[in-house]
Every structure is written in C-alpha cells, then in structure tokens.
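Both complexes below contain subunit A, partnered by subunit B and then by subunit C.
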Partner chain A sequence: MVTLLNMVIGGLLLGGLYALIAMGLTLQYGVARVLNISHGEFIMLGGMTTWTLYTVFGINPLVCLAICGPIAFVLGFGIHRVLFRRLQASAPSQGAFESSSMLASFGLLFIIQNLASIAWGTEIRAYTYLAIPVHLAGAVFQANRLVALGCAVAIGVAFYIFVARTRMGKAIRAAAQDPATAGLMGVNINSVLALCFGLGAAMAGAAGVLISMIYPVHVVMGMPYTVIAMIVVALGGLGSIPGSFIGGFVLGLVGSIVAYMDPGLSLVAYYGIFILLLLVRPTGIMGR
Partner chain B sequence: MLEISNIDTYYGKAQALWDVSLSVDEGEIVALVGSNGAGKTTLLKTLSGVLRPASGTVTFLGQRIDGLAPHSIVEMGISHIPEGRRLFTQMSVGENLEMGAYVHAAWKRREETLDQVHEIFPVLKERQGQLASTLSGGEQQMVAMGRGLMSRPRLCLFDEPSYGLAPMLVTEIFRVIQDLRNQGMTVLLVEQNVRQSLEIADRACVLENGRIALAGECEALLEEELVKKAYLGL
Partner chain C sequence: MPGLFLIVLLLLAALPVYRPGYKVILVSSILMYVILTVSWVIFSGTTGYLSLAPAAFFGVGMYTAAVLGMALPLPVVVVLGGLASSCLAFLVGAVTLRLRGIYFAIFTFGLVEFIKNLLLWWEIERTGTRGRFVVLVDNNTIYYVMLAILVMTVLTAYFIRRSRYGLALQSIGEDEEAAVHAGINVTALKIVTFAISAVFMGAAGAIWATQLTYIDPYIAFNLNYSFMPVLMAIFGGIGQPYGPILGAAVVAYLREILITEFPYQYMLLLGIILLVAILFLPNGLVGLVERARRRAFGGQRANT
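== the complex of A and B ==
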C-alpha cells in the first residue's frame, strides 16, 4: 500500500512539471502553430540561470521564478516578432509555415545551446534547496518537490482562469479556433500569436527554475523535456489547455510507476504510450 | 460613407476582382448579387481587410482603409458577418457574443449592447450557456449576426445571411436587416435571395466574373432583362 501511495505521489510531483511544460508547448503549437523544437532550451535557460542566481548571488529560487518567467516571456515574444511572424507572412500556406517554423525552431535550439555552453560550460550543475524530508502518508519526499508541484499547479490554475475568464484569454481561445474570424472580431492576431509564444516560453522558463530545485541541470538537458512535452500535447489533444494539464499528470503517473520497476524504462514507456495513442486515439484524451 | 474605387484583388496570382467601384451612403441598404464564384465574398473580404487590393482604394468616412489590418477596420466601425457563420464552436453562445464586443470601445458597453441583441434575437438569451456548435442552423445565424452587432458597427457587411435557412427564417432575417437600417445602420448585403434582397434594398449591383455588370436603383434593376432572366427566373 505504501509503495503504491509512494508511486502515486511521486507521479503527481513529476506530473506537475510535465503539465507546466506541456501547457507551454500547447500555446506555441496549438495556437501559434509553431512546433517548437527549442522548447526544452527555454527550460534549460531557466534552470541554468537559477543555478547562477542562487549559487553566485544567493537569490532564492522562488524569487528566480519571478525573474526567469518574465525574461523568458520577453525572449519568446521577441523571437515570434522577428522570426516566426515573418515566416508566417512569407509562407504560401499554413502547412508551409508549420514546416518552415519547425525547422527554424531547430536552428534556434542549436543557437541557444551553443550560446549557453559558452556562458555556462558543459559541466553538470546542481545546488541544494529545501532538501528537507517531508513525511506524507507514510512516504517520504523532499520539500523542494512539493514546492515545485505547488508552484506548477498554481501557475497552471492561474493560467486556466486567465484563459477562461479574461478578455485577452478569450481572444487566445478564439484565435486558436479560427484566427481569421478572430481578426474580424477586432483581435490583433499577430499580437495574440506572439503573446502565446511568449507565454509558452515563460512556462518553460518557470519549469526550468522548478526543475533545477530538484534535479541537476546542464546545457543539453532540454531535448528530453521537449519530447515529453510533445507526447503530453498529443496525449491531451492538440490545442487543449486542460488536456495538456491532465495529460501531464497522466504521463507523470506512468513515469513514476514504470520508474519504480526500472528507472531506465520510463522514456521507453513514454514512447510506447505515444505510439499506442497515435494508433488508438489520434485526437488525444480531450481532443475532438 | 463607403467609397470603393477601381479595386483589383488577387488570390496569389489569380485575379478575382477587376476594377470594381461601388459606393454606399449612410443609412442605405445596398444589395450585392451575382452567381457562385462571381467575387462577392472576395469583395467583402477586401473591405474588411482580410485581403488587400493590388490597386484601387477603399475609403470609409473619409479615411483610406485599404491596407489596414482587419482589427483596425473593425475599430473604425465596419463589421463583416462572414459567409458560413464561422462561429467559435468550442465557445458558448454568450462567449461568442462577447468576442464580438472585443474592440475596446464596444467592450465597455457590452452589457448594454447585449441587451439590444437579445431584444432582436430573444432566443439567444435562452441559449446563452450552450455551446455554439449545438444550436440549429437558424440559431447559429442569429449568433453570427448578433456577434457582428456587438462591436456597435456603423456599417454591416452581411455575406449570405439567409443561406440554407427555411423560408420563414429567411423572412425573419430580412426583417431584422430592415429594422437595423430603420435604426440608422448602413448595410452592404450579399445575397442569393435576389428578389427579397431587391425588395428591402435601396440600390443593388450585380457582380459577374469579378466585374460590376450592372448597378442602380432596385426598381430599375427589377425591370432589367439580365436580372429577370438570370436571377428571377422570369
């Protein structure tokens, strides 16, 4: 019983991070139509920046959240303005844009990774923060994982309310469903797409901060997270924000259960689910 | 109010409008008719900024609007109610209407405008919380028109609002358009129901293969041989 509980709680802790990462990619791919291969690089930037801020300047990682999130937003917003918006304007069709933007994001991955290795080197970096054991229903977890889960859920819920309730949030949903008609309603479509790309980057950056509180970080850590985000987005249904939130937790639970049997098998299990899903329900859990 | 002069519009390399000129005065209903593929929708899209004319000008209330983005044109008071309704199907009826009031000036007065829209289409009040995709075709058209009115426009561009509706609903839609005009709205109406459109419109023009073939007062057009043969089945 205790091991099962252990696995479930472990899965939820992992799932919170996955949910956050996947929501970010949902915004970039589901709304802005950029399958952003460099998504994980923003996670890496968040993690490495936090390591520097904490170990060199002694800034609390939770404060780093409020620093890295906005910086990643500005970076993402700017990248959409100067790169993806132009690609979109010059693309002959939406399909052509989706493939050219994916290739461009590949290029972005290499640029960011190389700049990061100049800045930080290629060593694995780690720090300890809130590594206090917490007893939870017979199982033991480190406090930093609980804090990370709490932050991820808080960001997810806040974002959900933003999208469900506010004028700008509704514009995002409208743009996701039918950008041309949203434009006829008065939505400045280019701004909304850049906003979504920036918010996606901010979520990746924030996830990077939270990840660095728990795991070691290094400049090539991003790619596996990008892959996980893609799997979760496929799992939750393309463009569905609640879908990616729930999908993140589902994958986290699976990962935790599989890792309990053999830690080396979690990625294998993720891909297994991914392929099975594509065969059985290609539209995802919440997809149409 | 609206001055269209010598517009040419292309889809990529394919030209769809040739030298189209047309004007709409304040308080008028101008009907735009023509067979399938004549370029009616293309003209409305050029007016609302979805397409840019390669040459020619569009002036609204004395200001050039060709080349502006759609969102800027809505802000100036033109509402394009698109062909095929184009509702946000994953949103409720209420949210669809709210989206119509997205521009800042309209957002501030959205409750007041919503009451007016509910007065025109009472059924939308009952359907408020329902997903737009679960409505009947007629109700969906009412949402599309109501959403278009939520921006408090001065000029409405209706693209085949009666398409696919039962005769009774068609009459209802035409009555609504007439009422809107009586309250001061200006209307450019694209329609397949030529007879009914010419009955409520002040002026009309016939588009053929991307060119204006005929234009004038509705009474005069009803007597034209071309209109009688091609559109009224006489």
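== the complex of A and C ==
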C-alpha cells in the first residue's frame, strides 16, 4: 500500500514538470504552429542558468524562476519575430510553414546547444537545494520536489486563468482556432503568435529551473525532454492546453510506476503509450 | 544529366587507385550522406511527410553488421541490414502513415530515442556490455560497397521519379485528398515507399559500422543521422533530382572541414548554415543554379 502511494505521489511530482513542459510546447505548436525541436534546449538554458546563479552568486532558485522565465520569454519572443514570422510570411501554405519552421528549430537546437557548451562546458552540474525529507502519508519525499510541483501547478493554473479569462487570452484562443479570421477580427496576429512562442519558451525555462532543483543538469539534457513534451502534447490532443496539463500527469504516473520496476525503461514506456494512443485514439485525450 | 552522372561515377570508381588513404575514408563518408539524403528524398521529398527516422534505419543497419558481421560474408550482411531496416520502416509506416503528417514527424522523431533506450537497457541487462565490436573491413572495400549502394539508391530514386508510381507519390505530396479520389491507394503506397527508402539507409549503416569498428547505442542511434539528411536535402533543394545529391556532397564535405578546423563550434556553424538556407534559399542550391542558368541562357529559350 505504501509503495502504491509512493508511486502515485512520485508520479504526480514528475507529472507536474511534464505538464509544464508540454503546455509550453502546446502553445508553440497549437497556436504558433511551430513544432519546436529546440524546446528542450530552453529547459537546459533555464537549468544551467539557475546552476550558475545559485552556485556562483548564491541566488535562491525560486528567485531564479522570476529571472529565467522572463529572459526565456524575451528570447522566444525575439526568435519568433526574427525567424518564424519571416518563414510564415514567405511560406506558400500552412503545411510548408510547419515543415520549414520545424527544420529551422533544428538550426536553433544546434546553435543553442553549441553556445551552451562553449559557455558551460560539457560537465554534469548539480547543486543541493531544500533536500530535506518530508513525510507525506507514510511516504518520504524531498522538499524540493514538492516545491517544484507546487510551482509547476501554480504556473499552469495561472496560465489557464490567463487564457480563459483575459482579453489577450481570448485573442490567443482565437488565433489557435483560425489565425486568418482572428486577424480579420482585429487581433494583431503577429504579436499574438510571438507572444505564444515567448510564453512557451518561458514555461520551458521555468521548468528548467525546477528540474535543476531536483536533478543534475548538463548541456545535452534537452532532447529527452523534447521527446517527452511531444508525446504528452500528442497524448493530450495537439493544441489543447488542458489536454497537455492532464497528459503530463498521466505520463508522470506511468513514468513513476515503470521507474519503480526498472528505471532504464521509462522513456521506452512513454513511447509505448504513444504507439498505443496512435492505434486507439489518435486525436488524444482532449482532441476533437 | 545521366552522362554527367556516369562521368562522376567513373571518376569516383577510380579514386582509390590514384588517391589511397585518408581521401578514401573522407569520400566514403560523403557517399554515405548522399545515400541517406537521396533515400530520404525518395519518401519525404515527394510525399511531404517529414521523416526523422533515418538515424533509426541507419542504426539498425549498424547493429545488423555488429551482430552478424562475424558469421556471414559482407555482402549478405549489407543486404540483411537493408532488409532489417525495411521491415522496421514497414511496421512504423503501418502504424503512423494513416494519420496526419505531424504525428508521423513526432513518431519518427521519438523512434530513434526509443530504440536507443530499449537497446541500451537490453545490452546492460541481458548481454552485460554496453557496446559491440564490428568485424574490420579494409577501406577500399567499404568505399566500393558504399559506391554500389549509392548507384542503386540514385537509380531507384530516378526510376521511381520517372514512373507512374512516382507520379502517384507526387500527387500525394500536392494534395492527398485529391490523390485518394483519383483512385490511388495512398496508405499502401506511402508504406511501401517508406520501406523502400529505408533499405538503402540500413545497407549504408551496415557497411559504415565496419569502418567504426566499435559501436554502442549512442553511436548507432545518434539523432544527427536524422537531422543531417534533412538539412542536406533542404540545402541542396528538392525541386530537381540532382539537388539532394549536390546538397549532401557540399554539406558533408563542409561538415568534415568544420569538424577538423572548428571542432568546438561546428554545430553552431551548421545551425547557422541551416537557418540561412531556410530563410534565404527557399529552393536550395538548385534554385541558385537554375537562376544562374536562366540568366546565362535566358535569351535562347522560349518562355514556357
């Protein structure tokens, strides 16, 4: 019983991070139509920056959240303005834009990863923060994992309220449904798309900060997270924000159960779920 | 164009005679990238389904060589490498090719990581080692086998393009819905073409493994083998049949130079080249060549 509880809570802790990462990718793919292969690199940037800020300058990782998030946002916003908007303008069709933007994100991946390895080197970096044991319903967890879950859920909920309740959020939803019509209705479509790409990058950056509190970070850590984010996004239904949130927790639970049996197989299990999903319900949990 | 191809082929065939040693290894690796790129274009270039699986097929070929290399003669190993990859492509295609293109891209992207992790787990849990040694083959043999695979790949790509079958593929790329209504069995066609394109990647992997002599899951299933063919095809331009060949040859050569000259910045430079190619060369190198050709012979041709 205790092991089961252990696995479920462990899964929720992991799921919170996955949900955050996947929500970021959903924004970038569902609204801005960029299947961003370099998503994991923003996670890496968040993690590495936090490591530097904490170990060199002694800045609390939770404060880093407020530093890395906005920096990642500006970076993402700028990249969309400089790169993806031009591609969108010159692409003959939506399908052509989807493949050319995906290829451009490879280019970003190469560039970011190489710059990061010049800046930080290829060593594995780790620090300890809030590694205090907390007793939770008979199971023991580290406080940093609980803090990470709390932050991930808080960001997710805040973002959901932003999209569901504000005027800007309405513009985002309109752009997700039909960018051309949204533009005709007076939505400044270019800045909404750039905003979404920036917000996606900010979520990845924030997730990187939270991940660095729990796991060691290194320059090539991004790719597995990109794969996980893509699987969660497909699981939740392409472009659905609540779907990604739920999908993240589903995958987290699966990951925690599989990791209990054999840690080497978690990515394999995620992929197995993805295959199953494509065979049974290719539109995802919340997809139409 | 076939005449030029024949001349280049003869020059390549004579290379080990007048330039033995390092140059042979260098050109083998360029040939390998040309094979990957041309076979990628056979499927993805025409149908528009973006496959990120070349690394998976290439890696399966490598592991075929590692597992069977000691027991069987080299040509058999190379053929089996191709067939094994083709079987994998068939399975992947059967699962994903009924769905929208973007699922296919995600699925093939994850496939490489999936196989890498599964294989790593298997090797550590069951065989107790991480990597495997591959039987050694001399450089000239590798070179000629690579060249033979290249010729078959290019011929296959050429004949597919010229046939009714190629026209059907093209129509899928332009408008899949219309292709269905024209009576084309699109799913079967996509799966078969995907499987054909994987044969050459697997065969190239099997022979390339013998040059590396040692492989492990991280070496064999490296996502760069997926990214590079896509980059090379885009850089060369997929509008003309010679575009991918040109792109692969130029970028592969550039890559060798960058790796030796700037080992710590070469990914950065490749990334910048890729971005520049996507932003400013929408039709690739071929677009430049065609424009130059039009300018040179512009007056002599009727506008069609």
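One rule holds in what follows: the second predicted complex is superposed on the first by the 288 of 288 C-alpha atoms of A that agree within 3 Å, B and C clash if a C-alpha of one lies under 4 Å from a C-alpha of the other, contacts with A are read in each partner's own complex, and residues count from 1 in each chain.
Here is the rule we use: a contact is a pair of C-beta atoms (placed from the backbone, for glycine too) under 8 Å apart; a residue touches a chain by one contact, two chains touch by 3 or more.
This is a predicted model, so every value here is computed, not measured.
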Seminar exercise, completed: Of subunit B and subunit C, the partner touching more residues of subunit A is C
For this session: Answer with first, second, both or neither: which of subunit B and subunit C does A:174 touch in the superposed model?
Result: first
For this session: Determine, under the contact definition given at the top, whether A:124 touches first (subunit B), second (subunit C), both, or neither.
Result: neither
Exercise. Who does A:106 touch here: subunit B (first), subunit C (second), both, or neither?
Worked result: second
Exercise. Between subunit B (first) and subunit C (second), which, if any, makes contact with A:186: first, second, both or neither?
Worked result: first
Problem set entry | First (subunit B), second (subunit C), both or neither touched by A:161 | neither
Exercise. Which partner does A:227 contact after superposing on A: first (subunit B), second (subunit C), both, neither?
Worked result: second
For this session: Answer with first, second, both or neither: which of subunit B and subunit C does A:282 touch in the superposed model?
Result: second
Problem set entry | subunit B-facing residues of subunit A, complex | 92, 167, 170-171, 173-174, 177-178, 180-189
Problem set entry | Footprint of subunit C on subunit A - complex, ascending | 35, 37, 83, 86-87, 90, 95, 98-100, 102-104, 106-111, 113-115, 117-118, 223-224, 227, 230-231, 233-234, 238, 262, 264-265, 267-268, 271, 274-275, 278-279, 282
For this session: Flag every residue of subunit C that touches subunit A in the complex, lowest number first.
Result: 48, 50, 95-96, 99, 101-103, 105-107, 109-111, 113-114, 117-118, 120-121, 124-125, 223, 227, 230-231, 234, 264-268, 270-272, 274-275, 278-279, 282
Exercise. Which bits of subunit B are touching subunit A when the two form their complex?
Worked result: 12, 48-50, 69-71, 74-75, 79-80, 82, 86, 88-91, 95, 98-100, 102-103, 106-107, 147, 151
